[in-house]
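Each of the next two complexes has chain A plus one more chain, namely chain B in the first and chain C in the second.
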Partner chain A sequence: MATLEMSAGGVAKATSPSALQRKISQTLLRALTGVAALFSFAIIFIMLFFLLVYAYPAIRFNGWGFFTSPIWNIGNQYGSGVATRNGFSGAPGAEFGALVFIFGSVLSALLTMLVSVPLALMVGLALVYRIPRQLRPIANALVELMAGIPSVVYGLWGLVVLVPWISNALAPWVTSHLGFIPFLGGPTGSGTGLIASVFILSLMVIPIMVATTRDVILAQSNAIFEASMALGSTSWQAMTRAVLPSVRSGIVASIMLAFGRAIGETMAVLMVCGSAINAFPSNIFSPVNTIAAVIVSQLESALTDATGMAQRSLAELACTLFIITLLINVIARAMMRGADRREGRGHA
Partner chain B sequence: MTNTFAETAGKTALKTRISQAWWSLSVACLVAVIGLLFAIFAFVLARGLPALKPSLLFTPTQGIAGGLSNAIVGTLVLVVIGLLIVIVVGIGTAIWTVEFAPPGMKRVIRFMVDVLAGVPSIVVGYFLYVALVEEAGWGFSLIAGALALAIFMLPYVVRAADVSLTNVPRALKEGAVALGARPAMVVSSIDLPYALPGILTGILVATGIGLGETAPLIYTAGWSNYMPTLAPTHSPVGYLTYVVWTYISQPFEQSHQLAYAAAALLMIFIFLTNLVARSFVEYRLNRGR
Partner chain C sequence: MIVTPQESAISTATKIETKNLEIFYGKFHAIKNANLAVGENSVMALIGPSGCGKSTFLRALNRMHDLTPGARVEGQVLLDGTNIYASGIDPVTVRHRIGMVFQRPNPFPKTIFENVVYGPKIHGLHNRKKLLEICERSLRGAALWDEVKDRLDRSALDLSGGQQQRLCIARCLAVDPEVILMDEPASALDPIATSKIEDLIDELKKLYTVVIVTHSMQQAARISDFTAFFLMGELIETAPTKSIFTTPRDKRTEDYITGRYG
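Now for the complex of A and B:
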């Protein structure tokens, strides 16, 4: 770090003609790169601040109803007059409750974790311990390629292949054979809905978790595995009872990052979730909606609101999603840093 | 290797068999996940390649049909301008972090950049929509779209540049300083060339991500049936992911064909950038040996 400081200071002092130039060069470089660094540092605060200021009228207008009401209604756009609450006005009859969307986001992300965490752990373990050394680079490349597929392409596949399969094959079979289990019976709908969202989201987060699982296991010393084997455990026991617990914090952090990704994913979910409004899902086939998806699907109609309150309420939704994901990410990153430091790894 | 361990260490045949069963299950999971990946690939290529006629590359979209030239050029222009922004800001951030930042600030910047990577793309998109499209009055525009992509790509470039710059051998820099190089010269002739393959890998990864993004563009770049005008503001830009998203829900066969063709093109672009990025990684590993 200090090399450049040195170049401007101590060493150069003796050869004075260039000393000033050095100082200027140093200051200029420092200032220009500092501006860039400031931007990278501040952009999150700028985004959050701007969205909060823009959403402020909606925050006052909606009050706590925003978090407790399941009704999202931009109000009567053709009536006269306005509805005023707490000094801010919306269209008559307007009510902006985000409960359905918040519930949908959290539920689909949680179910995604339920499906994808065990799967990703298994795949990560297989990748490290069961794939022949020669095939490993290929398998790694495939996993990374999977993480690079754009979310609209997942959405496209979901809409054209997965959704018809759910509606024609999976849903009828599940409701007729397993319908006695709560949330598995009842109307099957069109195939778009909770189960389709969870399926697509799982496909999208599994590669991320697999990559981290693989990396933390590879970074861990082999001694733990060998010691456990020497004590008489099978390779699976050594893996799950000795190695995995030793890298627990890294894996938990990667699960949280994946949760953050799942809760913020927009396009793929938007294409297969069924865009429910004002209704909670009644079973796993019901249409749902998420905060991220509703920001896209509701903007067109929000733009018709002459009072602008619908648009500001969407900003309040964006703030809600932003703060949820910020909290998840800050905790996960802090855990990762802590794990790295404890286990003696550098900045990853 | 683990096989022999399991065989010799298992005290009872049952324990070993349970262990084997779990391993088989995990390999089955791996095969299933890779199989699904192939299914998606095969689906997009099987539907997209037949639809991808050469004429599409030279005709702009017209309503629900036409070609993709406006979307292809739009995507490339948005990504290139986004990259220009992100290269300047990202590498600048990394240089400051590595060379000038006090240790505490180093940690803070790295933390903030990591957290930025987790911000949902739609939040970035809605922020720029409110700030630039509405409040600044720029309308749907090239600059708003490129900025949205830049914010989204920033963490990947900063991280890659940070790691590569940190790994520049100290002796090289001290040598340059001893020979009388100015700070700007140390950065431009020692740091950046040495770190270049790593930085390029990061830029390529960011390119792949930028190519495939939709949510931050919908309300910043908007959509246009015409070729991009390159006007920075007040002129919406078309892009490929929009075609995939909207044209598949139109009730017309021609628009479905366009959506599949656009998806295939996207996959090809992203596959190529990944391939080049990986070959850079290989090159670096080989050089290191």
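Now for the complex of A and C:
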């Protein structure tokens, strides 16, 4: 006991920093965090930079047509000669338009968020306020488990269970009963397509958002909920008007994360999206394609392109996905900061 | 807020009353057979050593225990003679009539204005002019109006702790309650902010019935008309504040006020 006290005193004396020491360590810490922040920025920009350099011939070759044309055609691989535009050459007849894929990526990610954000918020709130105490560990384990399942498993499940169900049960029912509503009627195809992608993506992102919603609510004290209840609110009002707004920045961050995952998801989407090429979806059952999925599905044929332009166009696709994700993040942050400033909240 | 002293002095009717109140947390018996009556427009202070059940008792008065897993309330709490625990009584309506101010200021991370009008909005009022009226009246009632009238659209979190607590009181006044429960509302505040809250409570009792938990006997002596002393879950003694501090009837009360329980 005595030695313990003595050594504790000794340590305290030894580490009791002088003003100078404190200043040095503070400066050092600030410098280190600055470097770390810079480093992560640098990585993002280096990646984007090298992708852009690699894609540059394609950017010149494709021009604005890349964003406005729905046609993706790597051109005649067996003919002679090359097609040259802006000083860069591709196979004869080659045309690389990404509009179908950009549209498919954005549409499937947005629809996924539309379905999964409300659901995830409800489930997150239920995990905190509704589910009986004894069941919570099981429910939480389930959420954690779902968040950890590899996407290829979701994709396979989608292919062997969901897609047949859509084609045999859901699509016939919807088209015959709700077909008069735009985008719900018309040809239904094989079951792969937009709705299957959205369904699978929702399954993948909901657990992520549920877990964060639950955690940010639990991290906050119960005071906000009680304050609202004591003012005579119902518990539903307390959850939606007091608790959720007070953890908004955390929830927006998790929505962004989920959106990033949805728009970038590759394997699972590739397996259930129907791999549309050169065609836009006409209803929710139509085949679609996304930037991420098409990069994988087109890679093999692109590698056969002797001019290399197909590969470089795939890299241009990758840049596009990168920039879309970056933009969404920047916009969300700016929106959040605006809201925080209006309500004087600290910045997350 | 224009009430003459004569008017405030005549009220004697019982506003809120507990009968054979028992409160349990699981198997733990936290409040044992408490019987307490609080007169209209009076201030009742609840005192007692830490952990004796003051907060537990207070939270039974507006059914906050409904929100605490494992908590169970038996017996009756009568508001104007009606048992708020009777079947068919909506706890939401009860809390509408009985407001509560917590130990730590807990404003919503919203603007000052949005904090004050939260209750009225919840109850369906959306007319902006009316909400502004309510906001001003409530902030004046909480003696905060002059300090914040130019920055109603700023965040409540920018206010000092004392201002935040008065904002919470204003937020409570905005739903026009009949009874206000306060759980050590000044314990997290500095002495100046504390004395502002104490002055405010003196004003509040002209219009409301106040039940306040305090850990400070001096505070109880300054602000309350009646004092109830709790010890280990038991309500030991209730008396006019003047007499409980000068001539306590129970030995245990005397021991407490002379500082023998710390």
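In the analysis below, the second predicted complex is superposed on the first by the 280 of 348 C-alpha atoms of A that agree within 3 Å, B and C clash if a C-alpha of one lies under 4 Å from a C-alpha of the other, contacts with A are read in each partner's own complex, and residues count from 1 in each chain.
The working rule: a residue touches a chain if its C-beta (ideal position, glycine included) is under 8 Å from a C-beta of that chain, and two chains touch if they have at least 3 such contacts.
Predicted model only: the values in this text are computed from it and were never measured.
Touch criterion met: A:A230 reaches chain B and chain C at once. Applying the stated contact rule after C-alpha superposition, one finds that A:P245 touches chain C and leaves chain B untouched. Among chain B and chain C, the chain that touches a larger number of residues in chain A is B.
When the shared chain is aligned, chain B comes close enough to touch A:R261, but chain C does not.
Residues 229-230, 232-235, 237 of chain A touch chain B in one complex and chain C in the other. Contact residues of chain A toward chain C in the complex are 133, 223-235, 237, 241-242, 245-246, 342-345. Remark: chain A residues 1, 3-4, 6-8, 11-12, 15, 18, 21-22, 25-26, 28-30, 32-37, 39-41, 43-44, 47, 50-51, 54, 119, 122-123, 125-127, 129-131, 139, 141-146, 148-157, 159-161, 203, 206, 210, 229-230, 232-237, 240, 257, 260-261, 263-267, 271, 292, 295-296, 299, 311, 314-315, 318, 321-322, 325-326, 328-330, 332-334, 337, 347 touch chain B in the complex. Of all the residues in chain C, the ones that touch chain A in their complex are 62, 64, 67, 69, 92-93, 95-97, 99-100, 102, 104, 106-111, 118-119, 122-123, 153-158, 168, 171-172, 175.
Residues 2-3, 5-6, 9-11, 15-16, 18-20, 22-23, 25-27, 29-30, 33-34, 36-37, 39-40, 43-44, 47, 88-93, 95-101, 108-124, 126-127, 129-131, 134-135, 151, 154, 158, 162-163, 166, 170, 173-174, 176-178, 180-187, 208-209, 211-215, 218-219, 241, 244-245, 248-249, 259-260, 263, 266-267, 270-271, 274, 278 of chain B touch chain A in their complex.
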